[in-house]
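Read from first to last, the chains carry the letters A, B, C and D; within each, the first residue is number 1.
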Amino acid sequence: MAKQRIKKIAVLTGGGDCPGLNAVIRAVTKTAINRHKLDVWGVEDGYEGLIEDRIHPLSYNDVSNILTVGGTILGSSNTSNPFSYPVQSGKRVVNKDVSDDCIQNLEKRGIEALVCIGGDGTMCSAAAFAKKGLTIMGVPKTIDNDIWGTDITFGFNTAVTTATEAIDKVHTTASSHHRVMIVEVMGRYAGWIALHAGTAGGSDVILIPEIPYELDKIADFVRARSKKGKRFSIITVAEGAKPKGGKQVIFKKIKNSPDPVRLGGISFVLAEQIGQMTGLSCRAVNLGHVQRGGSPTPIDRVLGTNFGYHALELLMKGRVNRLVVWKDGKLDDVPLSRIAGKIKTVRKNDPLVAAAKAVGTSFGV
Amino acid sequence: MAKQRIKKIAVLTGGGDCPGLNAVIRAVTKTAINRHKLDVWGVEDGYEGLIEDRIHPLSYNDVSNILTVGGTILGSSNTSNPFSYPVQSGKRVVNKDVSDDCIQNLEKRGIEALVCIGGDGTMCSAAAFAKKGLTIMGVPKTIDNDIWGTDITFGFNTAVTTATEAIDKVHTTASSHHRVMIVEVMGRYAGWIALHAGTAGGSDVILIPEIPYELDKIADFVRARSKKGKRFSIITVAEGAKPKGGKQVIFKKIKNSPDPVRLGGISFVLAEQIGQMTGLSCRAVNLGHVQRGGSPTPIDRVLGTNFGYHALELLMKGRVNRLVVWKDGKLDDVPLSRIAGKIKTVRKNDPLVAAAKAVGTSFGV
Amino acid sequence: MAKQRIKKIAVLTGGGDCPGLNAVIRAVTKTAINRHKLDVWGVEDGYEGLIEDRIHPLSYNDVSNILTVGGTILGSSNTSNPFSYPVQSGKRVVNKDVSDDCIQNLEKRGIEALVCIGGDGTMCSAAAFAKKGLTIMGVPKTIDNDIWGTDITFGFNTAVTTATEAIDKVHTTASSHHRVMIVEVMGRYAGWIALHAGTAGGSDVILIPEIPYELDKIADFVRARSKKGKRFSIITVAEGAKPKGGKQVIFKKIKNSPDPVRLGGISFVLAEQIGQMTGLSCRAVNLGHVQRGGSPTPIDRVLGTNFGYHALELLMKGRVNRLVVWKDGKLDDVPLSRIAGKIKTVRKNDPLVAAAKAVGTSFGV
Amino acid sequence: MAKQRIKKIAVLTGGGDCPGLNAVIRAVTKTAINRHKLDVWGVEDGYEGLIEDRIHPLSYNDVSNILTVGGTILGSSNTSNPFSYPVQSGKRVVNKDVSDDCIQNLEKRGIEALVCIGGDGTMCSAAAFAKKGLTIMGVPKTIDNDIWGTDITFGFNTAVTTATEAIDKVHTTASSHHRVMIVEVMGRYAGWIALHAGTAGGSDVILIPEIPYELDKIADFVRARSKKGKRFSIITVAEGAKPKGGKQVIFKKIKNSPDPVRLGGISFVLAEQIGQMTGLSCRAVNLGHVQRGGSPTPIDRVLGTNFGYHALELLMKGRVNRLVVWKDGKLDDVPLSRIAGKIKTVRKNDPLVAAAKAVGTSFGV
């Protein structure tokens, strides 16, 4: 009976930065100490700290005053995979499975369960650890809101809020100067941020990866507005948006260029293209990493608190190797093994897509 | 068949101010014009304008650039009830049923359906109009989130965000001066704002109408924190919170006082009481109407857009005399007749109450 | 030559909470360590820690990541005066001069100079310490902006920003409901916050202590607006505003009242009075301590950094017992002995008063 | 005597978008109507509307409720110069002096004075109009704060606030991921925004056009921080920053590239360079036009109100053909003819540069 056995747990945060991570760490730690009298340990920098044995005790005071702080007090790493980790071998670097080392680093401290807070990549490794017998609780994390199995994730609302504020701001420039402003938001594979921030910001055009656009349609739409006396347009575009039949513009280095440059993002390409097609003045803004930062919104603090609390409740009931989720308006959970490799994208007939169209938004098709 | 008949609709906003009202007005109007080729009319100042025949056409341009603006472009009135309206009769004022006048004011313009955006009071009258044969669509509005039948209402997230920002701000004063800060938020009958903002702001104590508090328990809790070296505490209290066995402190005028004064709210009473019991320095802040104002958050803009769009979809399908709601994570609707007089309060075993307790929050019991 | 002697300094923060205190502490400490290779000590809770010998070393890391944080990492106390400090003497408490103990607590650690960050009260004691031979640098602190000798103080801009945001928010309620909204801001003796926030928020009426109001004039003004079709008004009032020939409404306990209540502030009194005189719906909001909190605005972070840096520069040049100030657009300093007991109030012919009147604002006269 | 003659004035806004423009328009119009009983006209889209005779009356109501709104209700144009304006001549476009047409468009309406709100370019034309006998009042406008003759301009504080909020946000990503974050802000010729926002945001490195950087120095500084355990750095860079002996990276189109791309800005170049030199993970964010938008901060609303009011006061006193300025802590004015072609840049020994260095900031030299 797992329920009675567990005395000591560890928590780690993996993958990209996300507002609300500290809310989860705090809820996990406080619930563990307050309600279940557990010892809690923190793993530094995601799986990297698990591999390198950087694990330290977390006290009640360590997690005080962190609820409102962005980022993660534990640190994170984007790429470390314990089942294929680059190790120096003679003169070469080879990828090795170091998962047994990880388990040993936990066992030698008597740690019996690991709470993994992270995205798709983190959960793949977590599921693999569960298969090897480690007791795991997963907490989904992504500002992109594209994790399968949960209706919503913490960090998403903060990112949408930051993006909406930026759209609100460029609105005044657009209308004062009769310009087309193109705001690029995160979302490589899923257009949730663009759809929500674009709708909240009253964008005239929203472009998302799930609905490939036609340049002609965008130009026609912008021109038609201009004819009706609306001398400006706001376009919100997800970084992963792509033309019909075309491919994504990847953020890449350009060889043979006089300077070591990169593309500024799809928004800059669109500004050039739409400017040429319509003769209107177009400007691009790529919000980038600003969307990952800042103090979490109340929604994300509450959701992070709920997730952290629920993870501990399930763990102590012996319902383990699950991902905590928010489904149909309430806390729930799904098996870790079922979510790996899946992604939740915007359906073409999503009700919000329909609502956005009804209020006059074009999706470039 | 209502579906084919409808060519002309009107929209009104009743009751207290609420961020997101304009998002609904905009979505109703744009969806009506864009998708259904309807004529749209706006009623001024809620039922008051319906009674006084102040009704004017709403164009596409009238609802442009209002998405981000708080309040309502139509105006509102708090108390007008067409079924019992104060009318001058000789030298006296008597309450009269003027609902037939209202219906006539719509009929003479050929308006066939009325979208009522409002709270409990507005919906009671709306249901009564429906009984009299008027075609009605209801859209729920309250910053308090206590309308029965819907999991969430627009305006609530904006109010919670404003309240949370205030709690975040007093945090620094509390910790620098080792004080007890008491922040009073709206919620006369339901503690949703206090519960969410209190949890998001990391409050040490949350007091809501649904869980009557014991003063001793609060004082003990604050003292215990002080002994553990936490020399400050944050208390979030709903305006309608009350002591166990006691009654609410009503915001009232005090007779026989040298000045024409009112109570500043329950927070000022608690500051006095807890200060006397613990000897700690206590300060109260009553946020008041600031919570009703401001630009709606992205959540509330999107929810308002969804509600307005959905109201029109249902109306045109002939599914009328319903209240549009958000239930179990999606758009839905309930009969208008079923919600009147009901209220959605916080259950003592609400998962968020449990989560808040798990991270160390006291509810004063 | 003080310049060569000084190796060790201490810093303390006295008086009420104020955004930007940490910016000064950080600038003092980093400048001292980086540029002048000094040892820096921090005194806990203002003069209280100096009296009670709670003084500890401050390292570079102690002041990292505090620039954006409201409040003071050193703590503060409002009332401690080392020259008249309540001490237990037998069964009674008597006020005693404990300033020699303070000096000794510094001397025994080899601390040669004290940077005092505080308001009027803190500077009075600082000047008295200087007279006794202690080397002092003063840094002015007040959200009220009423310290004599400096054009501006850190904290003021943050308070004005918070107050303006609140005025912006109640604007929507006022206009939607045709109400008179009365927003009370800090300023017991000086109306700087009310003047600046009132002007920035486009208030129709601004009431400040320096310009006693006439109730009739306010009521006339509000009524005249109503007649011109402006069916709402925003009144910004400083807590210390008072009627012509009358006295301030003090925030006091009311005896013989059924509940242990306090006045909610002058705004509640005005709401009652103006409501009765005009028949309009009036609502009051007293912002209170929210104005003292939160992350400092960029202006206040930069000003705090400038003040802390400048204090150290002057100290190391031997220009001591001075108050660092911002005067005529640049950093400057005045003798500590000259500012005590003075206060900088709004002149009736201040250019901003004239500008506010020109754009249509009434001062109730 | 201009003072007695003037009955009718016009106002125009030229150049790039800037928060606070509406505050000036409102103050000019309300002061003119309230205090001086003038007729006020608004010119559409800057000099373009003056040339094309798009000039309309401005009423009191036209400028109500615009104080808090970004952009300009009059519209603006970036490039129109009435003294060299592209005109179709046969098959070719030639630049022509159309200033007489402008003057005639004003004269035929009886407009006797023109208030020009704009930057360097707008003021050059304004000075030329003054030379031709038109009565002009200039109001300086630039988010860059680089107009000669005034210590500060409206719009600057809003831009600095937006930039500082972005720096605050990327801070969490930087520290969670041990990254170097490079935030690019506006400032092609002057580094004021970078200096102020960089200091307010606690940036480790600030790069401005006035202090050409050395890449080696930046890399050394970042590496040194890493060795001291500070595993992240924040770099704030003005768009016009350039390497010592090198030239600015211009935002340009790259020929022969597979896509019609532009550089994303100097920040992307630096991210590449510093990443290669240090082996650290670097990320760039170019804030772009977001800095020009949004509701003006209280400072900018008050400054705009002051400027508009003061322009009218001077005009009515006959002190014309002047630029209104803020100098040494108060309102003042300088001759229009003296400012043309000058620019106010950051001096290497500016006190804030010294303060920033003292608290540990590197300027890359």
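Rule of thumb we're sticking to: contacts are C-beta pairs under 8 Å (C-beta built on N, C-alpha and C of every residue); 3 or more make two chains touch, one makes a residue touch a chain.
What you are looking at is a predicted structure, and each value in this text was computed from that prediction instead of being measured.
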item	value
Angle (degrees, nearest 5) of the CA superposition of subunit C onto subunit D	180
CA centroid of subunit C to CA centroid of subunit D, Å	32
Centre distance in Å when subunit B and subunit C are each reduced to the mean of their C-alpha atoms	35
Inter-centroid spacing, subunit D versus subunit B (mean Cα positions, whole Å)	41
Set of subunit C residues in contact with two or more other chains	168
In contact (per the touch rule at the top): chain pairs	A-B, A-D, B-C, C-D
Complex interface listing, subunit B residues touching subunit A	26-27, 30-31, 34-35, 65, 67-68, 151, 157, 160-161, 164, 168, 171, 196-197, 199-202, 295, 297-299, 301-302, 305-306, 309-310, 312, 327-331, 351-352, 354-356, 358-360
Footprint of subunit A on subunit D - complex, ascending	16-17, 19, 21, 45, 69-72, 75-78, 162, 165-166, 168-173, 175-178, 181, 249, 253-254, 257, 259-265, 268-269, 271-273, 276, 283-290, 292-294
